[in-house]
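Following this line, the structures themselves.
Heads up, the next two complexes both have subunit A, just with different partners, subunit B and then subunit C.
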Partner chain A sequence: MSIDGQSTPAPDESVRPAVSAPRRAVIVGGNRIPFARAGGAYAKSSNQDMLTAALDGLIARFGLQDERIGQVAAGAVLKHSRDFNLTREAVLGSALSAETPVYDLQQACATGLETVVGLANKIKLGQIDSAIAGGVDSASDAPVVVSEGLRDIILDLNRAKSLPQRLQILSRLRPKDLAPLAPGTAEPRTGLSMGEHQALTTAQWQISREAQDELALNSHRNLAAAYDSGFFDDLLTPYRGLTRDANLRADTSLEKLASLKPVFGRNLGAGATMTAGNSTPLTDGASTVLLASDDWADARDLPKLAAVVDAEAAAVDFVHGKDGLLMAPVFAVPRLLARQNLTLGDFDFFEIHEAFAATVLSTLAAWEDEEFCRTRLGLDGAFGSVDRSRLNVNGSSLAAGHPFAATGGRIVSSLAKMLHAKADAEGRPVRGLVSVCAAGGQGVVAILESV
Partner chain B sequence: MTDTYTRLVNSGAGRNLARKLGLPQPAVLRRYQPGQPLVVGPVVVVGNSPAADSLATELLSWDLDVRRHAVPAEKLGAIILVLDELEHPADLEQPVLSAAGSLRDLRAGGRVITVSRPAAGVSSPAAAAARQGVDGFLRSLAKELRAGATANGVLLSDGTTTTSPSALGAIRFFLSSRSAFVDGQFLTVSSPDGALPANTDRPLEGKVAVVTGAARGIGAQIARTLHRDGAMLVLVDIPAAGDQLAAVANEVRGTALQLDISGADAGARILEHAAQRHGRLDIVVHNAGITRDKLLANMDHSRWNSVININIAAQLRINEALLAADHFRSSPRIVSVASTSGIAGNRGQTNYAASKAGVMGMVRATAPLLAASGGTINAVAPGFIETEMTARIPFAVREVARRLNSLQQGGLPADVAETIAFLASDAAGGINGEVLRVCGQNLVGA
Partner chain C sequence: MTLQQPVILAEMPSLSKLYVNAAAQAARRRLLGTHDSADLPAESHDVRGVTVDVGNLTAYQHLIGETASDVLPAGFIHALAFPLAMSVMNRDDFPLPLLGMIHLRNSVEQRTPLVFTDVLDMTARVENLRGHRAGTQVDVVAEVRRAGSADIHWRGVSTYLAKGLFLPGIDKPTAAAPKPEFTAPAPTALWHLGVDTGRAYAAVSGDFNPIHLSVLSAKALGMRRSIAHGMYLASRALADVGPARGDAFSWDVEFEAPVFLPCRVALEISTDQASSGAWKHSRYVAWNPRSGRRHFHGTVSAL
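Our next item is the complex of A and B:
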C-alpha cells in the first residue's frame, strides 16, 4: 500500500525485534529549579548559573560530591556564542569531579529529552556507567545579535590593515545597522512564529477554544495539586527565592481563561482560539536527570525509578504545509510503539509536552482520525485514543512554563517518579510515554518503564 | 567569629581602656581544631581516693602532663578535683583549699573539673549535704574564673567510676576546647556503657547521622562538625530552604533530604532515606526549630501552634518512628536542641519556652526507652549564640544579652555543635536523659 506520509511498520513486520539492549539504563532521579517567567526571578541569571544550580541540587540529593560521572550532556536553545562549552562550564562550577566529561547538545525544545536518550544509549552499550542529562534556557538573558550590516563592518574592520582602510569601512555604517536584532521564535523558512504555525494546525484539526482552555485549566490544577501533595519535594530545589513555578496559577478558572483575547491566528477572525492562557509563556529554568546502569546505582545504594526503554525521533515537512510544525510526534509515536509491540492502551501515563494546549489536542485528534492514520501513517485504521485521565496528571508546560531545553528533564524525572510509585502501589510494571515537539518540525518521543 | 567588642578589648589600647573603665573584658576563647593538644600545660588531679589514682593513671595514657600536687608559680592547664568519697561537708575543705592555692596559676582558657557523686538517692543527710555542696561550690567557682577558663562537674551515678568510658568521655570533653562555651554545668554519668574512640580526632567515624534544620545557622554548623568528626550525613530541612540545604550538603559531602518535619510521615521518610543510602541510622539531631514571639496577651492560634508543632510535637512523632525502626537499634543516639528559654523563661516566648521545656521533658522520659537498645537521648540548651537570628535583636538588647554570662560573650554555633557531637559519640554512651547547657553560665536560669 502506498501512502502519502510516513509509514508505520506493523508490529509483526517490524524491521527489528523489540530492542534488547545488553543492559538497562535506569533513571535514579532528577532535580530542577522552579521555572520562572521571563523577566522574573531569574532575569539576571545566566544559563550557566541556572544549570549549575540544578546540578548542585542533584548532587546534594544523591551525594554525588566529587563523583566522576561517566558523561554529562545538556544544552540550551537560546545560547550565547561565548557559551560554546556551557555544560562543561556548569560542571566545573558544580560539586562534581572536575574530571567529568561533558558535551553540549542543541535540538530545540527536544534538547532535554534527546540528552536523556543519547546518554541512556551510551549506558546500554556499556560505554559509560553513569550520566547526567539536562537542559537550561533563559528567555530573559537571551543573546542579542547585531545587524548583518554591522557584523559585516566589524569583521572587515578586524581585517583592515591601515587607518584609511578603517575609515573607509566605517563610512559604510548607517543608523539602521545599529539596531540590534532581538531573538525570536520565528521559523527561518516560513517567517511564522511557532504560535502562528500552531494556529494553522489548530484550525486544521478544528480544536475548540473550550477544549484548549480546559486542558490549560487541568494543567494548572494538576500541577498545583502535585505541589500541595509534596510531589516535587525530591524533584526540585528552590532558586533565587522561588519555591514553585512562577507561572502556576492555582486559582485560575475556565471563566478567567475564557476572558483572554486570542494572541495567535488572529487573521482567522472568529476562528482564533489560542490565548496567552492556553499557550506556554517564555520561561527561564533548568533541569537535570541522573541516569545509571543497575550496577552503578546499586553500588552507591541509589534508588532506581524507571528504565529508559526506547526512543524515536521524527520530522515533518511543515515548510510546504504538508504537516503542522509541531506534529512530528504524531509520526514518531506509532513507529516507536510498533517497534516495541505496544499500543496506546499499554501505557499508564502519557506526558505530552504542552507547547500549546492545541498541540496536545491536535496530536490526539490526529491519532483518533481514521482517514489520517490510514493515509499518512499507513495504519489500517485510527491509531487510538489516549485516556485523558492518564495525560499530564501532575501538570505540564502550560502551568509549569517551558524553558525550552529544560522541559525534557522536567518531564522525564517527574514521570520516572510517578512510574515507580504506581508500580510500587500496584505490584506490576508500569509504562509511560513521553512526547516532545520541537522547532524545525521535529519531535522526540520515548518510553519509560518502572523498575 | 568573635564579636567586635571582644576583639576590641583584646587589643593593646582597648585592653587598657576597658581595664581603666572597669568594663567587661571577655576573653577570646580557645576553640577546637583537629590535632590541637587536649590541654595546654600540666593537669593537676586533686584527691586521695583510689578513683583519683586510677583517673590520674588513665590521664597519663592520654599523654597529658599529670601532677598530683601543683608546683607553686607553674602555669597549669587544668585542675581536676576528685570528690567521689565525700561523707560530710567538712570533707570538702582539704581538696577545695588545695585547689584554691593553684587557681592563680591557671592558664587563660584553663579548666577546673569536679568529679563527684550525685546527691539524689543517697540516704545519709551529711553525705547528701556534701554532695550537694559541690554543686554550689562549682557554680560559684565558675563565676570567679577569668580569661576564658571554665569550671564544670561530672557526677558519677552508682555503678560508675572515674574510669567508666563516659566519665572519661565527659572529662575529656570538659578539658578540651570543644567545651569552650560550656561553663558552670554538671553532667551525670548514669551507666558504665559507652566506649572511647579509637581515633580521638574522628570520634564519629563511620556513623550515619541525620541533622534537621541543617540549611543554616546552628544546624549547618552541626553538619560541619559531625562531618569533621567522621560522620556520614543526611541533612533535612523544609523544601523552601532546599537551595541552602544543597549548598551545606555539598560542602559536607552529605545528602539533602527536603521535607517538612511536621509532616505525619517525616520519621518514615527519614528512616527510608537513611536505610536506602546507608543501610542504617546511628545519630539523629533534632535541631529544626522556629520562633514566633508574641506576648501571651497577643498570642494567636497559628503562632502558638506552629511553634509547638515544629519544636516538640514533630520530635515526639519522629522519635516514635525511630524507636520502632529496625535500622535504629545499634547504640542509637538522639540529641535534641532545647534552649535556656525553656529553663529560665523569656518574655514574649511562652510558646517557644513551652516547646523547649517540652523537649527536656521528652528527653528524660525517652531515655529509658532507648536504654534498652544501648541507646541514649540527651538535649543541649543553648544560651545566647551568635546567629542570623540573634543578629536581628536590637543592638543594645543584644549587647547586654551577650555579656550576661560568666564568659561575657555570646557563644558560637560551633560551641553548640561540639557539645552535640560529644553527646552523639560512643564516648557518651553512659550519659542518658541529660540536658547540658551551652550558655557560658548564663546568669538567668538554673
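Our next item is the complex of A and C:
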C-alpha cells in the first residue's frame, strides 16, 4: 500500500521485532527543582546552577556522594556557547566523583527524554551500570548574542595585523550592529513562532477553545492535588525559596481561563483559541533521573520503580505545512507500539507533554481520525483513543511550566513513581507512555513499565 | 574577671560609616596623641536577626566561582559578619588604628551548612593582643548562629597587624626563624585578575576599602596600585577546592604578599586522601608567576 505519510508496520510477521536486550535498565528515582516562571525566583541562576542544584538533591536522596556514575547526560535548549560542557561542569560542581564521564545533548524540548533513552540503551547493552539523565533550561538567563554585523567585525579585528587595517574594519560599524539579539522561539525556516505553528494545527484539527481550557484546568487541578497528596515529596528539592512550581494556579477556573485573550493565531480571526492560559509559559528549571542496571541498584539497596522498555523518535516535514510542527509523536507512537505489539488500550498512564493544550488535543484527534490514520500512518483505520482519565493524571507542563530540556526528566521520574505505586497496589505490571514534541518538527516517545 | 554583657546593635552597622569614623579617629589620634593602652575592649558586639539578600548571594557566588546553591559559602558569611567585626575595632577603647591594618591570616570553621533562608545572630569580639616583629597583632573572632539558637554554625578568626605600632607592656617576639625559600611548584590553575577585581568584590561583599577600588584611591592611602581583597582570593581558592570539602570543614589562609591589580596569579591545589579514599584536606598556594613571590597559602580540611 502506498501512502503519503510515514507507514506504520502492521502487527504481523512483517514487523521488525524489538531486539531483546541482554538486561534491563531501571529508573531508581528522580529529582528536580520546582519550576519558576521566567524572571522569577531563578532569574539570576544560570543553567549550571540549576542543573547542579537538581543533581545535588538527587545525590543526597540516593547517597551518591563520591560515586563514579557510569555516565551522566543532560543538556539545555537555550545554551550559551561558553557552556559547551554544561553537564560536565555541573558534575564537577556536585558531590559525584570527578571521575564520572559526561556528555551534553541537545534535541530541543525532547532533550531530557532523549538522555533517558540513550543512557538506558547503554545500560541495556552492558556498557555502563548506572547513569543520570537530565535537562535544564533558563528562559531568564538566556544567552544574548551580538548582531551578525558586529560579530563579523570582531572576528575580522582579531585577524587584523596593523592599525590602519583595524581602523578600516571599525569604520564598517553601524549603529544597528550594536543591537543585541535575544533568542526567540521562532522556527528558523518559517519565521513563525511555535505558538503560531500550533495555531495552524489547532485550526486544522478544529480544536475548540473550551476543550483547550478544560485541559489546562485539569493540568492545574491535577498538579495541585499531586502536591497536596505529597506526591512530589521525594521528587523535588526546594531551590531559591521555591517549594512548588511557581506557575501552578490551584484556584484557576474555566471562567478565568475563558476570560483570557488569544495570543496565537490572531490572524485567524474568530478561529483564534490559544491563550496564555492554555499555552505553556517561559519557565526556568532543571530535572534529573537516576537509571541503573538491576545489579547496581540491588547492590546499593536502591528502589527500582520502572524499566525503560523502548523508545522511538520521529520527525515531520512541517516547513511547508505538510504536517504540524509539533505532530511528530503522532507518527512515533504507532511505530513504537507496533514494534512492541501493544495498543493504546494496553497503557495505564499517558504522559503527553502539554506544549500547548491544543498540541495534546491535536495529537489525540489525529489518532482518532480514520482518514488520517489510513492515509498518513498507513493503518487500516483509526489508531485509537486515549482514555482521558489516564492522561497527565498528576498535571503536566501547562501547570508545572516547561523549562524545555527539563521536561523529559520531570515526566519520566513522575511516571516511574506512578507506575510503581499502581503496580504495588494492583499486583500486576502496569505500563506508561511518554510523548514529547520538539522544535524542528521532532518528537520522542517512550514506554516505561513497572518493575 | 567579670563576664561582660554584649553590646547588642540594633542593626548591622554600615561599613562606609565605619570607614569614615575610622578616618576621623585616626586624625584625632594624630592630633591628640594615642592613649597607648594595651587593653582590648572586653565587650562583644552582637547583632540579631540578620537576613541574606538572595540577589547579593547569587552575585557573590558567581563572582568567586561557586555554584549558586542555597548554601551560604563560608566566605560569604565572613563578608556578612565583617561590618560587625569592624565595629568592635572601631570602638574608641580599641587600642590599634583600624585604617591601615594588614590582614595576616584568617581561619574559619564551617561546622554545619547555613542556607539563605536562615535568620542569623552574630557576635564579634577582639582578643589575643600580642606582639609581632613588625608591630602589634590582634584576633577578631566572629561567631554565627541560627536566630535563637546557641549552636555556633560558623566561626571565623581574623588576625590583623598594626604595622609599626608597638604598645607598652607587649613584648616584641624574638625574630622568627627565617622562612624556607619558596620554590614555585607546577601550577594547577591560573587566575587572570582584571583591574576591576577589587571593585567587583566590593560590590558583592560591601567592603569598599579604598585600597581595593582604584589606582588613585589606593595611591591616596600610600599603595602603589590597588590590591585584591584577601578574602576574595581565599574564597576563590576555597571555591577551587570544590565540593570535595563537604558540608563541614575548616578553612585557613595566610596572606604573605599583596596581589596588585591587574595581574595573573598562579596556584597549586593539592589534595590528601585517607587510605579509604575519602578526602582529608586540600592545600593551596598562590604566587606571582612572573616574580615567583608567594602571595598566600592555606588549607581546607574536613572537620
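Some points to look at:
Keep in mind that, in the parts below, the second predicted complex is superposed on the first by the 447 of 451 C-alpha atoms of A that agree within 3 Å, B and C clash if a C-alpha of one lies under 4 Å from a C-alpha of the other, contacts with A are read in each partner's own complex, and residues count from 1 in each chain.
Methods note: a contact is a pair of C-beta atoms (placed from the backbone, for glycine too) under 8 Å apart; a residue touches a chain by one contact, two chains touch by 3 or more.
Keep in mind that what you see is a predicted model, and the values were worked out from it rather than measured.
Annotation for the three-chain superposition on subunit A: subunit B and subunit C clash. With both structures placed on the common chain, the touch criterion links A:D56 to subunit B and to subunit C.
Once chain A of one complex is fitted onto chain A of the other, the partner contacts of A:P238 extend to both subunit B and subunit C. Judged by the touch definition given at the top, the superposed model places A:D4 against neither subunit B nor subunit C.
In the superposed model, A:Q48 lies in contact with subunit C only, and not with subunit B.
In the superposition on chain A, A:A95 makes contact with both subunit B and subunit C. Once the two complexes are laid over each other on the shared chain, residue contacts for A:D251 go to neither subunit B nor subunit C.
Of the two partner chains, neither subunit B nor subunit C is touched by A:E371.
In this superposition on chain A, the options for subunit B are 309-317, 381-389, 417-425 or 435-443, and subunit C clashes with just 381-389. Common to the subunit B and subunit C interfaces on subunit A are residues 53, 56, 66, 95, 238-239.
Looking at the complex, you find that subunit A touches subunit C at residues 44-46, 48-49, 52-53, 56, 66, 90, 92-95, 98, 238-241. By the touch criterion given at the top, residues 239-243, 245-247, 249-250, 253-260, 263, 276-279 of subunit B touch subunit A in their complex. Against subunit B, the residues of subunit A that register as touching in their complex are 53, 56-57, 59-63, 65-66, 95, 230, 232-234, 236-239, 243, 301-303. Taken together, the subunit C residues at the contact with subunit A in this complex read 54-55, 58-59, 61-62, 67-70, 116-117, 242-243, 246, 277-278.
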